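Think of it as A, B, C and D in the order they're written, each chain with its own count starting at 1.
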């Protein structure tokens, strides 16, 4: 029983990072109908930026290293805005295949760029979070993934509020529903897209900054996270932002349970079986109620 | 049809020219390019013509490659027979994945196929007793014997590849003029319109997915005997899947010559960047990736379109214009 | 447009190379023999997650070539200098084959070191055999050890299974010495060529030692979290864990072990426990950690020879950080090529191959690899080489086992 | 009275809280041209989507030619002779004009030669002979809509749903379409015409269906329907309300 509980908790905590990554992918898809295959590389970018900030100094105390989160998000948000202005704005007219290929090219090039700039070394600044945990009886909670989990939940709540209540959220949902109609009603779709991209990439930066205390940073690190994020997004229902958070957590649990009780090698396959089952039985996604986006 | 004849003539010229080349490296690069072009062309049959982007075509390379080689090495099944079984296995796999995912729209399909290749890799690694797992399977060269797809000269693989590329190109050209080709064109335009026109979309898509898988697999079984080594990370990896998609899009999905030009261009950038910058890590990959970005941003319809535009701007001779009309 | 620019650059390069070959082979044979530099190639992954291994091999090879040239080049060839050609094998078989073909077909190459990752080495062998150029590698997969490689592949370091075995040997020794009392072992191994070889070595020896294997589990290379594995270890009731790992996964496993407050004894094997990243990431906490290494910078044969100490200190000075395992092997391998050239008075790759197959080196720089006799058996492996057990002490990996190579006492963590 | 070609009984369809169709009954005789009008949001599009099988009704039944259409896919319905055009032109950009039309014949199982011959005849009838081999990329909207019309006619339909086919046509094109509809109606093909152009509706329709707020509020001969008080109210009232976009 302890083992089962521990496995589920581990899964939820791992799932936090998947959820953060998935949220960014899903937001962009929901509003812009674009799958950003370079999202993993933006997570990687966030990790490198965060590592650079840790070079400035790590304040004492268990959570001192987390000061880098905010500046990392600010920088990645800026990169996100640039990404939209320089590439996506123009690429929006190209149609699906060129867009997919654009982000794939960016992903390949980004890995190369990271190696050119930062070298191929594995980087992980020594810090007290790495390996730290809280114990509750026999159950332990890893601090690093735990914080990622809490922030994923917080971001999900913020996102739900933002999409529902704020002016931007309302505009974004209108654009997601029908760009033409929204524009006729006076919504500036470019502005919505710019903000969406910025938030999405800032979320990638957040995910990156939250992983660096316990995961090595290296040029191709993004790939390892992003495939899970894509699966979470699809299982939840493409474009369903909040569902993607649940999707990420669910995948974390499946991964943890298969790894604990069967074989971690099979967890990819187990997740894929779930994925096919969802496609066959609930093509609109596990967590999508009606045909609604966002 | 004229563009198809022109392409086959060009490939024949390449085949003839290969006899003037002795450098095994250049022959090797030409061979690799040819097989990449075969896969790009096969991919285009599905994704370019129907608009469903597959990012998992490497499963149709890994599957037949492993089936053929394992059957040959373990049970001494003749290579050609094993190759047919391998192609059949790839088609069955395509029917299975396709039936589950092709009912859905583009992005789902892209992600579903992408993860299919991840799963294929994890299964190959897991069942290492059969597949050799991460060690891969070396294919020892015994003697030149075409029935075992063993040739003692790289050029032979190049020539077989060029022949296969011709066949695939003719097939794709013929397909575009066929009943099914018309249906696919309607589906690409709009699935709602296709449905309203009485076209069974799911069936059509699964059928062309299977065709695309079969052509890809046909290239794969020859290719692995050129490579003489089954590397799971490469054959079933994400990179190859993604690259195959890149070829057609870089070259231009709407053109018969698109995937071939795209594969040639991509491989050229790849080997040149590797030779030029290979001693300093990262540069070659960076150049490769960002050149794709530059091409997509400059001409999203691909290099063929770019070439046509340049020809047009430079006062195209009448014959070129007719080729261009036909390519459309 | 881009295409034509690249194209013209390519053709210029080609022309340059072709005319260069024509000159050297046809026109001026007599004058060139004295001054013509001899090409050795380092081919390995310079991209992807294995690039770190490629990079350390390149660094050490550069150092070795500098040293050979500074010592007057190859004396038997009128002081001909060595020239190092560095090429990226990429991280897949196709790239490795293409690159090997390019390097071997466009210039005369006396020998190759590298390919680093076993599948890349395996993939490149047919090309090497075709061009009759031998390769010395630090790859570890047991499947490479076979006469089928035509005598062109030489493995300078211990195999993966030997690497795994030293960890078990070490535990067995400490069991005998009553420092530990281990009865149940868990094995976690990365599912790549190295991991599988190491696992075979560990499992066999653990069973022979009368220790139960209660868990034996592979995990994928791109794992993002190891806590489920650690939960599984806890569930298995093992008192010793052998993680056979590369870099990122080793980091994740150690993190998860700390988090789970695991009391299990850990004896790792592989780059994850011996390369610089683990020391850099754990800071002080790394001290006390054990790992099996193919080579270590402070093995007895190295520190007892001032010439070799000079090498490791220069490496440390130039590149910052101690000389890691594959770097030491690369350095020794380059010298093996140089000695073979001296012995045969030739830079012909075929003659060098024959020399490598029969050479018995007992002194000089190749003994950086191991004390005593360095040679290659008929299957291409180096029969006398030993893997070592290191323990991190003072932020550096120190050799603690086997006794004949150890330079430091084991520190028992409090 | 002959058996109706199409009969809807008590059809309801909601999207979340929005009730798009409320208890719709509609019977269409096997020989007629029926106009369907109503303000924006009245449920016309939903009705068409129900008829063609894009949506399944929440309740109620749809009988076409004596066959219950529950669970019958859009494509099958098209092959049964229940076809539609779309508001926006839907050219098949990768095919030439005539090839896009031929598709309708190919689906019926014609050989490509036969399909081409038949498509040629339809194009000639609609005045498109000169454009047959051109790419639809190069054709103006009106021409594209005629191509769409030709494609559905190639399916040998029994019931054709024309969703604002006529808006955007030039005067000459409109005349050709109206004449074609008249001629085909005389041959026994039924048309359900959704259109905002009242003069077109009045010229074509033998009966007129008016929808408002998800219900059919009137059905009968045009001259009688336009005098119906509820229709006038719906239109006058809605004109002020329903035209922000």
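The rule is short, and it goes like this: contacts are C-beta pairs under 8 Å (C-beta built on N, C-alpha and C of every residue); 3 or more make two chains touch, one makes a residue touch a chain.
Note that the coordinates shown come from a computational prediction; the quantities given were computed from them, not determined experimentally.
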| item | value |
| --- | --- |
| Higher-contact pair (C-beta pairs counted), A-B versus B-D | A-B |
| Chain of greatest Cα-centre distance to chain C | D |
| Between chain A and chain B, centroid-to-centroid distance (C-alpha), Å | 31 |
| Euclidean distance of C-alpha centroids - chain B vs chain D, Å | 43 |
| Chain centre separation (chain B, chain C; CA means) in Å | 36 |
| Euclidean distance of C-alpha centroids - chain C vs chain D, Å | 73 |
| In chain C, residues with contacts to at least two other chains | 46-47, 51, 54-55, 191, 218, 220 |
| Interface hub residues of chain B, defined as touching at least two other chains | 122, 125-126, 280-282, 284-285, 291, 295 |
| Junction residues of chain A - those touching two or more other chains | 111-112, 115, 119-120, 219, 223, 263, 265, 268 |
| Contact footprint of chain C on chain B as seen in their complex | 23-25, 28-29, 32, 122, 125-126, 128, 133-136, 138, 140-141, 227-229, 231, 233-234, 237, 239-240, 265, 268-269, 271-272, 274-282, 284-285, 291, 294-295, 303, 306 |
| Chain C-touching residues of chain A, taken from the complex the two chains share | 3, 6-7, 10-11, 13-14, 17, 111-112, 115, 119-126, 130-133, 135, 140, 142-145, 214-216, 218-221, 223-225, 228, 255-257, 259-260, 263-265, 268 |
| Touch list for chain B against partner chain A, complex | 47-48, 51, 53, 55, 100-101, 103-104, 106-108, 110-112, 114-116, 118-119, 122-123, 125-126, 238, 242, 245-246, 249-250, 253, 280-293, 295-297, 300-301 |
| Chain A-facing residues of chain C, complex | 46-49, 51-52, 54-55, 191, 217-220, 222-225, 227-229, 231-232, 234-235, 247-248, 251-252, 254-261, 277, 280-285 |
| Chain B to chain D touching residues, read off their complex | 49, 179, 182-183, 185-186, 188-190, 192-201, 254, 328 |
